[in-house]
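So that we are looking at the same thing, I have put the structure below in structure tokens.
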Amino acid sequence: MIGTIENRDAFLSKIAQQLGRAPKTELAQPIWQYQPQERVLKNATKDELVEVLVEQCKNIHTDIVLTDTANLTKDLQKVVDNYGGRSVVTWRDERFERYGLTSFMTEHWSQMGIQLYEWNPAQHEENIRQAEKANIGITISEITLAESGTAVLFSSKNKGRSVSFLPEKSIILIPKSTIVPRMTQAARFIREKIRDGEQIASCINFITGPSNSADIEMILIVGVHGPIKATYIVIEDQ
Amino acid sequence: MAMKTSDDLFNHRVTKELDNTFMRGAVSSAQERFQTRRLLQAAELGHWEEWRSHGEEIRKHVLANLDFYLYQLSENVAQRGGHVYFAQTAKEATDYIKGIAKKKNAKKIVKSKSMVTEEINLNTVLEELSCEVIETDLGEYILQVDDHEPPSHIVVPALHKNKEQIRDVFKEKQGYDKTEKPEELALYVREKLRNEYLTADIGITGCNFAIAESGSITLVTNEGNADLVTALPKTQITVMGMERIVPTFEEMEVLVSLLTRSAVGQKLTSYITTLTGIKEEGDTDGPEEFHLVIVDNGRSDILGGEFQPILQCIRCAACVNACPVYRHVGGHTYGSIYSGPVGVVLSPLLGGYDDYKELPYASTLCGACTDACPVKIPLHQLIHRHRQVIVENEGRAPVSEKLLMKAFGLGASSPTLYKMAAKMASPTMSPFTKDNKISNGPGPLKAWTETRDFPAPNKDNFRNWLKQRSKGGEQ
Amino acid sequence: MKVTLFATCLVDMFQGDVGKAVVEVLERLGCDIDFPENQICCGQPAYNSGYVKESKNAMKKMISAFEQAEYVVSPSGSCVYMFKEYPDVFQGDPIWEQKAQALADKTYEFTEFIVNVLKIEDVGAHLEGTATYHTSCHMTRLLGVKEAPLKLLRQVKGLQYVELPGKDRCCGFGGTFSVKMGNISGEMVTEKVHDVEQTGADILIGADAGCLINIGGRINRQGKPIKVMHIAEVLNCQ
């Protein structure tokens, strides 16, 4: 479906008129004189980036766990237990299977009293209801920004936006291969998708730790509208 | 509430706010914190001047080609199923949004923080339709509950309120019965607003940066409220000032990096979200209907003129945090939702000189704002330019001042007149002079001597000393 | 070396001792001082308040007065900065723009001149005491003279230097601001005096007469035992 556009011509004509020329509908790509963002963490190795990520998590009230596929299940369980278990909502994502998590979660959790709900594109209302009352939401980062400690999540029918911010606690799985220096690389990655004609996700979320606010006397409160706690689990996947 | 926040006279506002001890303490301590963090982040990032220059060139380029980028943006938004409405005036914007609310029979609307929606007085218009409009940003929510008190800072709107005052607001208006501890106040708001997101008909947001190449809008928050506002209600309306746009994701990330460091001293805020069009097929969350309202409201009149650089602004409030005048008088003194240096420049341009003629004089032209601006807007020069316009074009300078300045102009260009004045200065001022100083000055000096002594004019002026000396007088 | 003194109207009328100190210090450093009689005022009071037309004649007077000079030196960063703005004020004027540029190019603030032109940092000054230094806004931010005063002060024998908290913060003078918005200005200078007191210094040093008259005026009114000195006076102490 194509949306409507109203009142554009007069609006843009006024702008062009003020700028002293005719309206433009074409423009060459700008060439920038400065590109300071290129320098940041330029030659860092993946391992160095992981170190930067670990350091940064200290500044953003986020716990971080380093693990590998062999130990992932055990380490994830620790975090889930630490967060009080009860109810977990996850994306529908084949990587849960690939990492050996799906079988573990579906087989063991009901016995442990942990209710598991997987996002279901055919059950819109139920999805929101479950996410709203869930204790924990588990998502997977597509690109991870070391400098700021940021996970980048792309929404889709299987990967609801709400999973990362409706539940009280947030666990984000971070495959080590997704870690890049900073947002600069993520922006390029997204632009390539656009150039390839891909339709980018309706929501791309750059998430850095749990939600917070300093609106009351500039005192930092962690956990306002979004999650009150966050943990990143970095998985050695190479 | 529109851009103008007070009908009171400027001088009254100054006196009132100078008396507000809590506000002044809160503002100066917030300034310290924000400035320190901004400088720390700039140092850690390195090559800060290059970053500023890059930010400046991006914003200048966009303004010079604004019509193109808005064209591209609108095409791409429409491609992704969104509706674009170009609103030249505030009324056009609010009429359009009113139309949507009516069509949807909307009863409840949740909003994330947006200065431009305050500028166009959107909440009032919607409330007249019997819509319940709920601000979800914590600071804005507090002010809304407190009978729509205007914000006093672009980034921390309730900076002027202490936690006891906030507790009292909730107690009186909503029956809150817990303490003034910030965690408890925040938890109360979290629980209260939770259900509102889930039951709202429409979500309204502002726009930190629209991205032309993809038809996306970018929202920058720490609270995550903008995500809830846009994920849950079926209809989303985004209102943007027309200049809040970048060409691609690459420029967005540069400006976001400058914004978050300059505003709150963070590398990135907790939630930076780019939203593109309506929800995709099969998506559970996200809007079924999306409207982008692009607002002019006087901005195009600034284009092509000498004040154009103010449109480079990314609303970080670094200038506000650096301003030594704001430090003492706080945001409400400016009588505009845009306070501090950016407000001094922008308010008269968008709102006219009638309501804002004193603002350009509420500055020492110290340049701290210009230094702090991440996109290198020459703020103090624009403030000075307003003074020139006020004097020359608007003819609004007070008559007594005009006369004084004319006298100055004469005296300062005539050595004879000057020497006469210099000779007369000491005897003229002698009735006011005691112990070689003036403690109770006449005329314009009175405002000075309320708090300070003024030195008595040299009895024997310097140039005579120099002349005597070269004649072989005293060595 | 021939140096032409631009005394400034404030020094000429109210702070003659500063002018005397400037002359004595520069002479001691080997300069021959000359003083064009036709100099009056750089035009700041009118110009900064928006009265550009009214200030132009005064400016032209200054340009003419200093036309023969090789080096123009002044003990006021703000007045020197005003000279640097003259080319913009006279932009497009077929006669005066060029003259203004010539003047701007040869004008130096006092400390900048000693350190960057005379290449001297130790002027042989001696002053016992603890001092702090207020960096005037126009001189630092706008004119860009930051290091020179401190380099000179470091070499003054017997002088203990304590940094002023918020040294870069405006003292509240701002020319006509100090009377137009006298109450706000009063609050700003009160905070500045409080900051000076916090350092425990017995001397406050500055390089701009406007700031010193402002802060000194408040110190006097509050009866604080802090001596206010222009850096020229400090450097003139033997």
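Each chain carries a letter (A, B and C) given by its place in the written order, and its residues are counted from 1.
Definition applied: a contact is a pair of C-beta atoms (placed from the backbone, for glycine too) under 8 Å apart; a residue touches a chain by one contact, two chains touch by 3 or more.
Quantities reported herein were computed from a predicted structural model and do not represent experimental measurements.
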item	value
Chain-chain pair with the highest tally of contacting C-beta pairs	A-B
Chain closest to the assembly centre - both centres taken as Cα means	B
Distance from the mean Cα position of chain B to that of chain A, given in whole angstrom	31
Rounded Å distance, chain A centre to chain C centre (Cα mean)	54
Multi-chain contact residues (two or more partners), chain C	none
Residues on chain B engaged by chain A in the complex (per definition of touch)	26, 29-30, 33, 45-47, 50-51, 53-54, 57-58, 61, 64-71, 74-75, 77-88, 92, 136-139, 142, 156-159, 162-163, 166, 182-183, 185-186, 189-190, 193-194, 197-198, 213-214, 216, 222-225, 227-228, 230-232, 242, 247-250, 252-254, 256-257, 264, 266-286, 290, 294, 296, 300-301, 303-305
Chain B-facing residues of chain C, complex	5, 7, 9, 11-16, 19-20, 23, 33, 35, 37-38, 40-41, 43, 45-46, 48-55, 57-58, 60-61, 137-138, 141-142, 168-170, 172-175, 177-191, 213-214, 216-218, 220-221
Chain B-facing residues of chain A, complex	1-8, 10-16, 18-20, 23-27, 30, 32-37, 39-40, 56, 60, 119, 121, 124, 127-128, 132, 145, 147-150, 155-157, 160-162, 165-166, 182-184, 186-188, 190-191, 194, 199-219, 221, 223-227
Sites on chain B touched by chain C in the complex	14-15, 18, 324-325, 327-329, 360-368, 370-371, 384, 386-392, 397, 401, 405-406, 408-409, 411-415, 418, 422, 425, 437, 439, 444-448, 450-458, 460-463, 465-466, 469
